[in-house]
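Next, two complexes with subunit A in common: one pairs it with subunit B, the other with subunit C.
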Partner chain A sequence: MTVTPAVVEEEEVTAPKKGLSFKFPFAETELGLIAGILAAIITIFTGLPAVIKAVGMLLAFVWGADSVRKTSKYGLGTGVPSIGVLGIGYGVIGALMGLAFARYGSVEGIFYPAVLIGVLFMGGIGLVSGYFSNNEKFIAMKIPRLERAMMELGMAGTLVILLQFSIVTGSLRFDAVVDQVMDTGVIAFMFILSCMGMFHPYNACLGPDERRERTLMLSLEISGLISIILGFAMIVLGTSPFGLWDPIALIVFGVIVWVVFYRRFIKACMKECYATVGTGLIKTIG
Partner chain B sequence: MLVVELLFAWMLVIAFLAFIACTFEDLESDVGSQSNPNSQVQLAAQVGQVHRFFNKAISGEPLSNAMYCTVAGTTAWILLQKLEPIVPDAKWKAAVVAIPLGVAVAAMIHIIFSITAHCGRTAGQKRFEQPIYLDVLYGHLLPIATHGFMTTFCITSIAYIQSNLGTLAGDPRLNHPFALPLLAFIWGITVGAIGSSTGDIHYGTEREFQDRPFGEGKRVVYHGKITRYAECGVRTQKDIVGFCAKFGGPCTGLTFGLIILFENYRTLIGMELARFLPVLPADLPFVPDVHFATAAGNMSAVWGIVVGLFIIAALLVGNMVFVRWVRKKYGPFVGA
Partner chain C sequence: MALEPEMILIVGYVVIGGLLASLGAHLLPVGGAPAAMGTATGVATGTVQLMFGAVMTGLFTSSTVSSFSNNIWLVAISGAVGAAIMITVVMFMANIMYVFGCGIVPVSGRVAVDPITKEPQTPYKTPQTDGHGVPNVVFISGTMGGFVGGFGGGLMYFALLFYANFTYVTAAIAALSIFLANAILAAYNIRGTTEGLYDPKFKRLPKALVSSLAISVLAGIVVLLATIGLPQGGI
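For the complex of A and B:
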């Protein structure tokens, strides 16, 4: 009599070790400096074409996602989205503050250096809130390097929002932003998608085997998506000084960025996970 | 000419759409294991139970739903800006085209984010030997997108109706002051929050743990067990949707629908009681102004708050009676 063995649910899969597929060249500090300075320069020159502003936005997003990663790496699980939302919340307030100062020393439609006051202010606010949450006398969370991460979060968030205002309105005048971004409701889109660009990378890649390069690729991918939809919004609002080619170039740029980094991300994930198999059953380990 | 009956009718349409929206929102979060159930799915691999669940960790439900709805609302708004001038006499024709197209774009974005979340989380769990099952990845995308489509469609429709409520009822001055994308954002956050708070309770857990005494807390030992077996074969999230569609989803939808119904009801009743409604003040501006306030307008706010307090009191008493009845029927909590 043959005994049918119990259902074999263990399915041993041997995954060949593969090399890491994509290296990000900059360390955290270098990335922060390069992205921050470039994005700030692109922010104040609002006469640039939208594509260049989108490059600045992309850099600011990478920086922001990196600072979310820095903040959340020490064991934040479900709190990751709130850190991203906090960053963009800082960003909206900082951007409004920057806009309030925008007219000082500005050249109409081209050059607005005073908006950086908002960026610096939010850096200060981030530093202070990081200090209060880490200090033993107050909240005492004792997260290493939280002050710096919060400061960078505030600055990156403000740059992201300012660059998006600049893309959509073509300038940084307060009344133009109120008319074309807030009254039309585009600000809701900017807010939520920027939040996604900040926190989704780390939230989606969370786990003990998370890798920085892979995480940041996702942030680039999301900024591509944002560029596409902002391009369409620009067409409708008709705000670009360069005519219709400006938004179309932005859309094409967004599509290229999205396709490249989405493919890279998915390929990297499928290569670097334990195994990618067509199908299989559940099993219990240990 | 403002028709008050039409205002009430549109309010009921909005409440009905809200019911559908939140029902599907809950089911969508069950297909993709978002929010609270996601921690079980995330934990399962870590306690050694390799599973066939979809790990849709886009973010918490409120934010991700706000994202789909805002993308849909923004796209619909972009299309409306272009389409409405083509049909100036019948703008609803533009809406009939714009809203489904906008929601389709949102569904595509939903799929993109779901894939990145699942692949990213699974790759981040390499040391727990959790592989990416391609059939799980592909098989769940369509249910996720379709359930999300229903939610987003209903919410975008609500936002459209609200931002044109006055025009639909006969007086454009009663239109909502917020733009379509902003309303979609607010309702998206709300539908996600209700779906997360009410819907998660009715996730598959109560079926999984039916052999435990009523009211027992779930010990850490049982974590991840939710990903094991269904009535027949290995459990996937499609079983859970089938289960939750019978009670959890409609229950969540009822919660959200009732919230919308009571909220709109108390506002309109307040306006009726203060005699603000049938004939609006002649000098009421098109764009709402903070400095514009009439005695009737102030009284309608007061009456609205009073009616709201009555509704809260009635719900409190009803809940207490109901819980007392349930406790009597099922016995006391154990293990607490």
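For the complex of A and C:
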């Protein structure tokens, strides 16, 4: 009786692939620090063009999605979306608080350092909720470093919401935000799309062969889509201090980010999977 | 704005609303992924999504009522009724799909005999599953959950609208955010699937209530500080 030899092809599959893999240069802590500090700096200078604020928003989204990823890989028991929604829920409360204090120490239309009070408060609330979720006497989720991840989520969520307010209104005055974001209903899609940007990357990519770079690419792609929609909101509301080129630049930026990272994501998926069986509709892009 | 005595009520109502949100989330019939295959009782989605949909409808009805009334009971109960109607429709439609689509009988997996209608449950349960669909006992528990949760949401909305002087939309979105934070902590306490009132997991409720209390007090203080920090006269 002959024994079938081990399949040789498997060795080729495990060999490292070159070219398409997108290496993310930072570890989790470094990414948090860099994205957090840059996004905070961009948040307080509201006189910047919308494109630069969109870069800050993109960084904050990546940070949030990374926090969701490192928490959810231990299994939450309720699905990944819950923790993304938690982050944005904290974000809205923190953004309202930051806006209420924005006028202290501000230079009208340019510089609002006091909004970061909201970010810090939400970091604190995130820490407390992480403690209660993880502690054996209370909810006892037993997820390593959940406290830190929830703190980061609260801070990233607040930065995301503040930057979106800042993009749409061009300032961080409470009355402007209430008039142009809240009462017009822009907040509704802002809320749900921001939730998507936080939880969708890991929710879509989770599994045994999940790779951090590929997951975060999806977060960048959703940020591009949000930029496009915010650009249209700016055109309709006519709120940009720089005139019409500001929203148009934002839309172009959003389209470029979306196309680039969508192509990269699909290519990475095609390359890293074992085989693709489908209609061929998406395969033509790769 | 200076600190006025009635502003302390903001923290009080936010805390009560948060605790009711936690209680309401524990009463919902959450099926999760197993229910999508018809192998567990409940609606096939997570706690957060069910509570989000219910309380959103509740806040719509609350805000409609609050545009012509400033009676706290009317605003809160209209929120409760809106949320209860939403969750009832969701459970009913889920049942229609389970019964006519999958061809399974709504049956509870946790109780042998329905405590309310005295209908036998175990003989109709497929072996090695946790029940199917939304049976009567779970339906009643879910309606109670929607009612309690919507009441909490309406209470929070009322406090933010009339004591913190936010606009309608701002108050609704802030109430929704605080509500979601509490409902998600409750969802972590439930972990996956629950049948509501008669589920053994309901006994874990005090742990979630303590966590919810801490978060709600902090969130209430945040809203209070935001109200104080606002320019004179409110927005």
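Following the convention adopted for this analysis, the second predicted complex is superposed on the first by the 253 of 286 C-alpha atoms of A that agree within 3 Å, B and C clash if a C-alpha of one lies under 4 Å from a C-alpha of the other, contacts with A are read in each partner's own complex, and residues count from 1 in each chain.
Following the convention adopted for this analysis, a contact is a pair of C-beta atoms (placed from the backbone, for glycine too) under 8 Å apart; a residue touches a chain by one contact, two chains touch by 3 or more.
No experiment lies behind these values; they were computed from the predicted model shown.
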Exercise for the section: Give one of first, second, both or neither to describe whether A:209 is in contact with subunit B, with subunit C, with both, or with none. Expected result: first
Exercise for the section: State whether A:199 touches subunit B only (first), subunit C only (second), both chains, or neither. Expected result: first
Practice task
For A:83, select first, second, both or neither according to whether it touches subunit B, subunit C, the two together, or no partner.
Solution key: second
Practice task
Check whether A:191 is in contact with subunit B, with subunit C, with both or with neither, and answer first, second, both or neither.
Solution key: both
Exercise for the section: May I ask you to decide whether A:183 touches subunit B, subunit C, both, or neither, giving the answer as first, second, both or neither? Expected result: both
Handout entry: Between subunit B and subunit C, more extensive residue contact with subunit A
Key = B
Completion exercise
Both partners, subunit B and subunit C, contact subunit A at residues 77-78, 81, 85, 183, 185, 187, 191
Exercise for the section: Please give the residue numbers of subunit C that touch subunit A in the complex, ascending. Expected result: 32, 46-49, 52, 166-170, 173-174, 176-178, 180-181, 184-185, 187-192, 207-208, 210-211, 214-215, 218-219, 222-223, 225-231, 235
Handout entry: Residues on subunit B engaged by subunit A in the complex (per definition of touch)
Key = 39, 48-52, 57-60, 63, 66-67, 70-71, 73-75, 77-78, 81-82, 109, 112-113, 115-117, 119-136, 178-185, 227-228, 234
Practice task
Quick one: which bits of subunit A touch subunit C in the complex? Just the residue numbers, please.
Solution key: 76-79, 81-83, 85-86, 88-94, 96-97, 99-101, 103-104, 121, 124-125, 128-129, 132-133, 137-141, 174-175, 178, 182-183, 185, 187, 191
Problem - subunit B-touching residues of subunit A, taken from the complex the two chains share - result: 13, 15, 77-78, 80-81, 85, 183-189, 191-193, 195-196, 199-200, 203-210, 214-215, 218, 221, 225, 229, 232-233, 235-236, 262, 265-266, 268-270, 272-286
